[in-house]
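Listed after this line are the structures, all set down as structure tokens.
In what follows, subunit A forms one complex with subunit B and a second complex with subunit C.
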Partner chain A sequence: MKPKTIANCTRSLVKGGAKNGIRLGARGIHEFRTAKISFGNSVGSCEAVLLPGTRVFAQASAAIGEPSDSRPGEGAFTISVWVSPAATGEMVGSSEKPSAIARTLERMFKENRAVDLESLCIKFGELAWILRVDVHVIEMNGCLQDTAALAVLGALLTFQRPQAEIDVNTDELVVLPLAECTPVELHLFHLPAVMSFALCDEILLAEPCQEEEDILPGKLLVGINDSKELCHLHLTHPIEQELLLEATKLAQAQCLDRLNMLKGLVEEVKTQREVPIYKRPQGPRATGTVLSLSALETSSRNRSEKKPSIKYLSPLITASDINMLEELCIL
Partner chain B sequence: MAYRTHLDDLWEQQIRPDGRTPHELRNITCQMGIFHPQASGSASFNIGNTKVMAAVYGPHEVRSSQKKHHNPDKMIINCEYSSATFSSNERKSSTKADRKSMEISSNLRSVMEHIIIPDIFPGSQIDVYVELLQDDGGSYSACINAATLALVDAGIPIRDYAVAITATMSHSVCMVDINAQERGQCAELTIGVLAQSNEIIVLELANLLQNFYLKDVLDEGIKGCAAIYKILEEAVRQKFNKMEQSLV
Partner chain C sequence: MDESDRSNIGMKRANLDLNDEVGNLVMPGDEFSIPKDSSKVILGPGLRSVIDKRSNELKTIIACKAGLLRKAKPNTFFLEMKTRSYHSFKKDDVLGIIKQKSKGEHYSIDVACRELRAQLSKNAFEGATKRYRPDLQVGDCIYGKVMDFPKDYPLELTCVQPSGKACGLGSLNGGHIFHVPVHFVRALRTASPKDNLLQKIGRIVPCETAVGANGLVWVKASNAVLTILVAQLLQTLSKANPDEYGTYLNKFNSTVRTVV
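On to the complex of A and B.
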């Protein structure tokens, strides 16, 4: 695919504006974009929007499978990225864009051990949860990595999985349905976020839009987590040291803001869910899926198909349900 | 519960596990023209046990497969990184198509695009192939150094040398040139600079590094890059002195 042609006057407008501290969209040069995060009804789904016009959807899911030979005591974690052709107007299935996003996410969440994979182990060397995050880029206007990282983090923070354990007496795998156990949340060691900058002759532009990204020569990605540690750095253009340090300072402040916002939203979602603490009655187990290990493959496939939403399972009636019922009665 | 080992005793004297001081580089050897005369330019760069080879082919005519999308006023720079199946502890089956290699290839290309004088050979193509033979820490920085040397060997006009090194901060001491053993315990920041202007051109981070320490680690890395640059320049001068003498 040929790169999009950009008019010379647009080029000089963006470049000249940057030199005078003026940007398209009337933002200041160090002003970050507004983030909006919303969560879906099912567990572990999150949509992040960076205004104007970048929208990424992430869904976390887990299935039971075999851990890798090199890490028998850990679950697995995979991230796959899909960029919708409708967002870009070109075929991007095999191009560099999705793989660049996936690499950034992998570096931040996988290689820096953001997710506690050891807690996903069920039976050493044989059974573990395979965690998977699917990232869909729906709308694209620059800053893909920033938005995708936010969406993935939101998905991981709101994800819940059912309890699974090996029955000590029979050596069988028991998976309790979400309705009769307290769902388990993922344990994250740290919360990473990434901020991007466009570089143009000693000027930093925070979180550029697509046009700025295409026109300005350089790009800098700074990933910082909630304890002010750098977790990702990427650079495509020569930069002075002072400018780099300034960028990390800006990114740090913004990352903390954004992560605090996300944490607040996640807390809200969790309280809305009203998940009961389930206590199993004494005596032999009456319900629950008891599986022999050989039957595992087929059963895990079935489970992922009919993964129900948390709303459907919640035995307590929430305030929103009552509102809905009232509305229905009025109608 | 952490046990005290002889390494802790050494560290009290600021001696690293392999016996170096914090600011010491590993043993560096580099050689140019290792694929002479098939390749236009080639070089090997060894730092400690990390071994990298690079070959440059071109400038030559643009391959027909890429001709369609090619702007005839521009030059194509093509970079390909691969690592040998036996390069690290775990034997790998595929080494070229995985995401990690693709990322390194595209990063290398962006570095090469910045140091090669743009559009000096319009309508032609330069191929840079980099092969990692053994990985003992700092492989990406070694790749950059090897590729720069190979470009010089091929006689392609470049603006500046791109030199790179790894650095970190551990126990509040800056260290340069991390080996694989140390990489497991601390962050690894790969820093690449343009040797003359001291501008940073490569930044890659593995593991977590306190933002607060970044300045010190950068300073340490830039110092290390200056040392590498001296070694590379020395190698280039030696090689071309020899050529001069053989001509006389």
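On to the complex of A and C.
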């Protein structure tokens, strides 16, 4: 565990070094960190690492629920952030970091409308997909927002949801499982990324490490999307206009690099995952369970009773139910 | 049940011999039989003696950590383990940062350990009296020795040796303080000149160093660039394989020559 108190010698080294162009991590003043992105086996899981020593994991998931009254034609999107006490050395709940990260992510992805929420609607005012991203900070060494935004973007880009629609004849919700339908990917209007800077007397330090973040008072977050537009700006100190322009230009170049890398990796994951329908194994479907006839009756009755008050419906359970029904009919 | 069977299925092993197991992996809970002349055995980190409370006799020796059993020359046994968090022992040299300066007789000190609080008496410096004693500020670095390690109380540190001299202990000025994994500290503190990393680094860049058993390292070279480079080198070496140390040192040598 790192010490929580900052030593005076380190403080003077960082402050004096910044003026002479020397940094703790032996990087240049405008040199960004190396990013590493890896994807998990499940859909929509992504881990982003900013060397040295910041690691954030994000997992996207979706469930069917009711849209909000104010926006009946849209799905919902929630972000929840967990910061492990092993990473910070702080007690759970005492830290302000999760709320700071969540605020940045919400402004980037929700308020800037990065995700197409209208495509998540299933039935106007009644049923919609509720998208959820869980962010876990595993290791911390500064630049939490940058890494978290990268991980969330990776999770959203690789996420797939099953097809869901309302059957026109019976007015029932039909959810096909991922293995049997063409999975639907999320539609993103633009891809945002954040770059953070530390400010030391009109000197910009790109992507500071934890000590630099703690010691230097000023902090500047610049969010840029893939078409080089500014989509998020957060600063703790008033700064000069030229400095802001300089930071934006630096961030533009770096964001584009990083987003291109992410896009390339996502393409790789998608080609690995893609199996054309005609290549899928023949024969009876493996998913779904066979139940006795009495159980089927009760389950179908329960379903019809439940229908009006349907709130949170896990896609998988419904899917297996429907499969089972279909299989029994075929048999 | 046979001994080898027990270890195969992951059960607790008992009646092991300390001398036979040197160099082997020991799991927490493994019990060792007491050597015949138990007065001569010294137990180091990771091993603990269990004393029967009724008869007040030594019952067994038990391992309380997972690691490799090692033996130092005069019958000293300890476990070599990889760890990032520090557990205190008496007479450890420890680096700390002053966390709080109260009106009382003590400074409270951050020793980079979540469970441990530590304090340093304001009089525990070389030549300090009640009137004349060093005035330290919050954030100053301290190189001290663990004097006492009472249960449920803060660690007691001191900055004088029992002889009354400082011998290198005390407050440190300038330089840079950083954290490395605790098991790497052993590689830095070995006495043998063949393995000693700090000596090899010192041949390339002359620098002052202080290595605390709690994983904090203080470095001060002639200028800021060299200080940062040495700190970077130590942090990369702490993650590297011991076989690769030579190549890293060569690389470091060439970078230093370009800087100077």
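Keep in mind that, in the parts below, the second predicted complex is superposed on the first by the 268 of 331 C-alpha atoms of A that agree within 3 Å, B and C clash if a C-alpha of one lies under 4 Å from a C-alpha of the other, contacts with A are read in each partner's own complex, and residues count from 1 in each chain.
The working rule: contacts are C-beta pairs under 8 Å (C-beta built on N, C-alpha and C of every residue); 3 or more make two chains touch, one makes a residue touch a chain.
As the structure is a prediction and not an experimental result, all values here were calculated from the model.
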Superposed partners subunit B and subunit C on subunit A - clash or fit: fit
First, second, both or neither for A:K15, with subunit B first and subunit C second: neither
Touched partner set for A:I6, first subunit B, second subunit C, both or neither: second
Which superposed partner A:K263 touches (first subunit B, second subunit C, both, neither): neither
When both partners are placed on the shared chain, which of subunit B and subunit C touches more of subunit A: B
Which superposed partner A:G25 touches (first subunit B, second subunit C, both, neither): second
Which superposed partner A:K97 touches (first subunit B, second subunit C, both, neither): neither
Touched partner set for A:H190, first subunit B, second subunit C, both or neither: first
Lowest C-alpha to C-alpha distance for subunit C against subunit B (Å): 9
Residues on subunit A lying within both footprints (that of subunit B and that of subunit C): 1-2
Residues of subunit A that touch subunit C when the two form their complex: 1-13, 16-17, 20, 22-26, 52, 89
Complex contact set, residues of subunit B against subunit A: 69, 90, 99-100, 102-103, 106, 110, 114, 187, 189, 194, 197-212, 214-215, 218, 222
Subunit C residues touching subunit A - in the complex, by the definition given at the top: 84-85, 96-99, 110-114, 137-141, 172-179, 216, 218, 224-225, 227-229, 231-232, 235
Parts of subunit A lying in touch with subunit B, wherever the complex brings them together: 1-2, 70, 96, 99-100, 102-103, 106-107, 111-112, 190, 223-225, 228-241, 244-245, 248-249, 252
